[in-house]
Structure formats: C-alpha cells, structure tokens
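Below are the structure tokens for one structure; questions will follow.
Letters A, B, C and D mark the chains as written, and numbering starts fresh at 1 in each.
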Amino acid sequence: MAAESNLTRERPLVPEDSALLIVDVQNLCARRDGGEFKARSDAEIARDYAAYFAQLEEVAVPNMQRLLKAFRAASVEVLYTTIESLTRDGRDRSLDYKISGFNVPKGAWDAKVIDELAPEDDEMVFPKSSSSVFISTNIDYVLRNLGVKQLVICGLRTDHCVESAIRDACDLGYLVTQVTDACASITQERHENSLRTIKGYCRQVTTEALLAELPC
Amino acid sequence: MAAESNLTRERPLVPEDSALLIVDVQNLCARRDGGEFKARSDAEIARDYAAYFAQLEEVAVPNMQRLLKAFRAASVEVLYTTIESLTRDGRDRSLDYKISGFNVPKGAWDAKVIDELAPEDDEMVFPKSSSSVFISTNIDYVLRNLGVKQLVICGLRTDHCVESAIRDACDLGYLVTQVTDACASITQERHENSLRTIKGYCRQVTTEALLAELPC
Amino acid sequence: MAAESNLTRERPLVPEDSALLIVDVQNLCARRDGGEFKARSDAEIARDYAAYFAQLEEVAVPNMQRLLKAFRAASVEVLYTTIESLTRDGRDRSLDYKISGFNVPKGAWDAKVIDELAPEDDEMVFPKSSSSVFISTNIDYVLRNLGVKQLVICGLRTDHCVESAIRDACDLGYLVTQVTDACASITQERHENSLRTIKGYCRQVTTEALLAELPC
Amino acid sequence: MAAESNLTRERPLVPEDSALLIVDVQNLCARRDGGEFKARSDAEIARDYAAYFAQLEEVAVPNMQRLLKAFRAASVEVLYTTIESLTRDGRDRSLDYKISGFNVPKGAWDAKVIDELAPEDDEMVFPKSSSSVFISTNIDYVLRNLGVKQLVICGLRTDHCVESAIRDACDLGYLVTQVTDACASITQERHENSLRTIKGYCRQVTTEALLAELPC
C-alpha cells in the first residue's frame, strides 16, 4: 500500500510512466472549413470565433506540435481521442450526441486529427461519442496495460471534453498534468474559468515548463 | 433503436423512469461544525463562507427538503452519495483523496447525510472517494437495474462533485435534470460559472418548476 | 421499476431489442492456415484438432451463415469481436495476452473475420485482448446506445471467450441467448461441459429453433 | 512499458502487492440452515448435497481459516464478497437475480459471512447481485487504490461466482492465484471441470503450497 507521505500532484514527469493525450483536435472543430463552422460565413467566424481560432492556431496547435516532437523523442506514448462514431450512420453514438443531432461518421474527414498533429504510425486514436473519453472508450483499460501512471492532457475544448477527461482521469487515480497553453475554448473567459475550477484535480503547467522536464 | 426525431433534453419527468440523487450533503461539509470547518474560527467562517452557508442553509437545503417530500410522495427512487471511505483508515480511497490528505472514515459522523435530509428506511447511500459518483461506486449498475432513465441531481458542490456527476451521467445516457437552486458552491460566481459550463449536458430547472411536473 | 412476475430468460427474440454477437471467428483460429495452427503439420492437426475443425466447418460456420442471413434480413444489429491488438507491436494488450505471448497485430490477416462470415458494410467489429469482450472493449456502452436488451451469442470457443461473454452479459442485465450449435471448442467434452455450467446464465437454443422466432 | 520476457502467471506471492478474496462463503449457501437449503429435508440434503457439504466443511472452510490466519499475519489485505442486495426489497438487484427470484435482503442473516471466517474489524465486504464481483461492485476500483497486483481467490462455487471472478480478474490484468482446495461446488465433477477450464487464466495451487510462500 502506498505510503501517504510524499504523495503529491506536483510530480515531474517520469517518461516511462507517462502518456500524452490530445483531445479532439480534428478537422471538425479545429479548422475553419470543418463541420462545425462550414455553414458559417467568414464574417460570422470573424465575429464569434476570432478569439478561439487565434488561441488555437497561434498558441495551442504550435504548442502541441512542440509537445509531440518532444514526447516522441523521449519515447513517451502518444494517444489521441476524436469525436467519431463507430458507424457511418451514427447509431452507436451516445444518447447525448443523438439529442444534439451530432454525428461524425466513421472515417469522415471531419473525424481526422488535423494534419499538423497527425498521428504517427502505430499511435492509437480512440473514437468517442461522449465528452469524457473515459466513459465511451476503453482508454482506461489501455492505459492500465501500458503501465501509465501520469497522464498529460491538452486539446479542445478546455471546459468541455478536456475538462471531463481531466476530472475522470483524476478520479481514476492518474496523476494528471494539464498543459494550459495547449488547450483552447470558445472564449478566453471559459478557458480561464475551467482552469480555475479544476486546478485541484491536476497539475497545471505551460508547454515551456513541461518540456523542461523531459530529457533533452 | 431509438428514433432520433423527438429526442430532447427538455423532457419533463416520468416518475417511474426517474431517480433523485443528492450529492455530498453531509455533516463534513454542510455543517459549520463539520470536519471541513471545525478548525476555523467563527470569524473566518463569517469572512470566507458566509455566502456558502447562506445559499446552503436558506436556499439549497430547504429546496432539497421539498424535493425529498415530493419525490417520496410520488414513489420516485431517492439516492444519496457521500464522501466516505470503505475503511476507517481510508486505505481504499482514491489516490486523489490520499494526495489531498482527505479521509472520512467509514461510519464517521462526518460521513452522515445531514439530519434535515436523512435517508429513509431502505433508501440507498453510495459512499465514494472520487468527485464523480460514477467512477468510484457501482451507481450506474444500480440505476440500470432500477430502470432509471432520468436522473435529477442536486447537492454540493455545484462545480465539483455535482458537476462531475452531471457530466458522467450525461455521457452514460441518462437524461439529467439539474435543480439549480438545490445546489451550492463556495461562491456564487463558481456556482454560476458551473451552470453555464454544463448547460449543454442537462436540463436546468428550479425546484419550483420541477415540483410542478410531479403528480400532486 | 420492472415487475418481477413474468420475468424469464426464455423470452423469444424481439428483433428491435436484439443484437447478434459473433465471437472470435477469425483467420487466426478458425482456419487451418491461421496463426494458431500454421506451425503444426497436417498430421498433428488431424490428430489433435479433427473434432474441432469438423464441428467448426461442418456445423458452427454454416449455422452462423444462416444466422447472419436471417438476422440481417430482420434488420437485427450484427456485431463481431475479434482477438486483435490496437497496435502492431501489441503494447496495448492485456497482461494476460502478454504473458501468453499472444499478439495479433492491428490489421493483420489473422485478425480478420473469416470470409464466410465477413462483416457487411457499417457493421461493427470490436478488437479485444481479453477473454470477455465486456472487459477490454466498450461494447456495453454501444449496446446501451443501440437499445439492445437481448443478446444472441455464438462463436469460438464455447468454454473460453464465448462463455466469458455470456457470463458478463448476463451479469450486466442482458437477456442472453446462446446458439449452441453455432459454437465450437477444441473437444466436444469441453463444449458440453461449458453448456452445462452456464445454462443458468442464458437461454440455450439451436440455430433451427432460433430462426423460427424471426419473422420470415 | 512492461518487458514481456520474464512475464509469468507462476509468480509467487509478493505480500505487499497481494490481496485475498473470499467469495460467497455466507450463511445462505454455506450452512445447512441457510436460505438455500432450509426448505429441504435432512434426507434431501444427505442425498443431493453430501459431497458439497463434505468438501466445504471438511476441506474448504478449514483451508480458508488457515489462509485467513496466515494472510492476516503477513498483513495482506483480506476482502470478501457476498450475495446481498443493497436494499431489503432487492429492487437494486441485477435482472439475472430478479429472474431467478433470488433476493438476499440487505443486512439479512443469510448475507453474513459464516462465523468461522468472519471479517475482522476494518476488512471490506462487497455485497453483490451478479456472479462476477467485478461487474456489480466497485472492487476493481478499490484494488487499484490498494495497489493490488496479485489476487488470491477462493470460496463458493468453483464453477459459478469463483470462476466468473477469476475470468474477469485475469482479463483486468491481475495475476490470479486460485486456491483449489479452498473452493467447492455442488459436485466434485463440476469443481474439477471448472479447474480444467480456467487453468489458463490463473495459477492454481493448494492451500499448503500457498502458505509456504508467505513469510513465517
């Protein structure tokens, strides 16, 4: 049984116990021509999503690229989750997604991780139809098999799927590190409220600080 | 297979498909002499927790009393969850609670639901050591056995254990109703931020509105 | 809450509440040139596996073909599970499969359902690395989303992965129908012992009897 | 990631990584005056259950007493599961138990572990209404929190609840040790068939051999 003294969430990464999970950075919602935005005019996007795309394209995606490069170089497992049904007609989706009228058919372009962050050969992608990847996929089983104890989480959106993943991962006993500047939400206020709400469930660090923990 | 048309989160309660879940309204954190506050002076409580206890004692608890009375009268299942270890020394707790140095021993006074909302004979209480009751207990299994499709959630705290329960319940396919004025958090701002963040995961109603849906 | 009277395991199929699950009928173990047998000489196979291949090729596979045809005609969901890693190097596999030295790489020929029973377009296949499909995959989540209450199970092997699936499905609240002559094990004795052991967990019927329950 | 070489099921117990799980040795089914037998005459019991009670009373229970004494002396976690509803009226039970007409009310005498093996202060008992303790309880969550990697399983009945626990524990990544002479079933044939069926899922040892692994 683990001794309780010396337990802490502020534990630097141990590469062989760690994995990086990138949440929902897919064409659907991370590109202006993705399914979530394609019906909107450029004017609407400029008005309603300027802050989102600025944070995503200028900050979060470049940071995730740096994370990917460093984690792969350190042989840390890289995992992805995406919103994607297991069928084309979406009949396997959660009730929640059915109510939302939300279907990303299996194999669709919208389901693909964006090219800038594309999975490499033999990296795993978990298609999901729930906010929390832990509810609708077998990722907890896989993480257990991989021996992962520390889970680094980033992606979209801070206050929805990222936050649900962090809450459940923490409850399940993973030491969670959230990379704050590798996440984004629709507004900066939503992003920051979420960080404050869940700061007791994880360690929150910047990309820069996290990279400094990895062996060079 | 469910037809997708006519699916909605705004479905009024069907009593025989429903259950009421009261989250963490226990001596530990819902009483001034509970474990969370007993080391604090009256002055500290007045300064830091005035808003919390005002919302809790004057609004949320009286509303939960009304809910309990009405749900029991309508023969709707009433369920509770509490922060409580399965052992006295807390060795079974989640890593998260161990890190927090947080142990409510099995059977402790702190673990009991407050007298005002005490469980009645043969109602179920699920002791937990995680934020989300769905991660550390078998409540999903029990809800399935009970045939519950609609889950009404209230209690403490809006942005932590209540929110985690709502997120996971929604992901698991329950139609969730959050009773907004039967929840409380440390500040009104936290409470309201949480309501805004998760409004897509549930139906949000007041106690008054919800009671009107039950048969009188 | 379900009334207890009239509850029975001997309930004929209601097509819209049902699904057919075919377990592990893949090249690996259902073909003489599959990974499990390819190192063995014809003489060894004739000596040790004659009964297995006779039951499989002459009885179980033809019966599964009849089931597939009838279930698809009745628009009943058809699901498959196969032994298959989520990676090529198998690092995601269960400890049990690692101990057994057992890896079916993602996408390998060994992982494919045999041609005679090939999945049709938009049918789901759940790759697994455990005996019970309910432990290592999200099939329970998907069945819930599909509204499945009655699960018809057949495939390989009666006493291992088929039996584990039946036990867990029963425990999870599905009404399970085992199609006894659409299963096979290494020996007839193992097959029959398993049927006797689990007869309290499911309804056991022949292909012929089950087909008679479907609308023609 | 675990190296695959040197992985084995035949690993002797490491006390600090281990737990002992005693399955369903409760008044209901382990005593002649328990709920399962009380409607039967002495003559019927002598005719139909002589082998069962002989194995149980003369072999399995004395062996479990020796295991308990040794495991407690070595400070190994001791866990129990029992067939017991979470309510008195049993409405929380699995569909399977409802179909079987099988209810052990919460707190009933039938639900208690037999006096010879009574839990000590602060040991955990998991009430269940399924064959596998892993499906209807949160035992996997607790084992994870305890840091258990090796699970020793014994109790009743070899081919039903004991076997289901072993299958699921193995699938979940525990190294399972079955204590063969601390289990019992209705007939010796059922007992032995089960041992043969699941020998690939666990290490099978006698009480004597297992005790020799513990520090004296």
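List of remarks:
Assume contacts are C-beta pairs under 8 Å (C-beta built on N, C-alpha and C of every residue); 3 or more make two chains touch, one makes a residue touch a chain.
By chain, UniProt protein names: A, B, C, D = Cysteine hydrolase.
Keep in mind the model is a prediction, meaning the values are calculated, not measured.
Shared contact partners of chain A and chain C, listed by label: B, D.
Within the contact network of the assembly, the step distance from chain A to chain D comes to 1. Of the two chain pairs shown, C-D and B-D, the one joined by more C-beta contacts is C-D.
Chain D has its Cα centroid 28 Å from the Cα centroid of chain C. With each centre defined as the average position of its C-alpha atoms, the distance from chain B to chain C rounds to 40 Å. With each centre defined as the average position of its C-alpha atoms, the distance from chain B to chain D rounds to 34 Å. Across the assembly, chain C contributes residues 1-2, 77, 91, 94-95, 98, 135-136, 145-146, 172-173 that each touch 2 or more other chains.
Residues 1-2, 4, 7-9, 91, 94-96, 98-101, 130-132, 134-136, 159-160, 163-164, 167-168, 170-173, 175, 190, 193-194, 197, 200-201 of chain D are the ones that touch chain C when the two sit in their complex.
Touching chain B in their complex are the following residues of chain C: 1-2, 16, 77, 144-147, 172-173. Residues 77, 86-89, 91-95, 98, 106, 122, 124, 129, 135-138, 141-142, 145-146 of chain D are the ones touching chain B in the complex.
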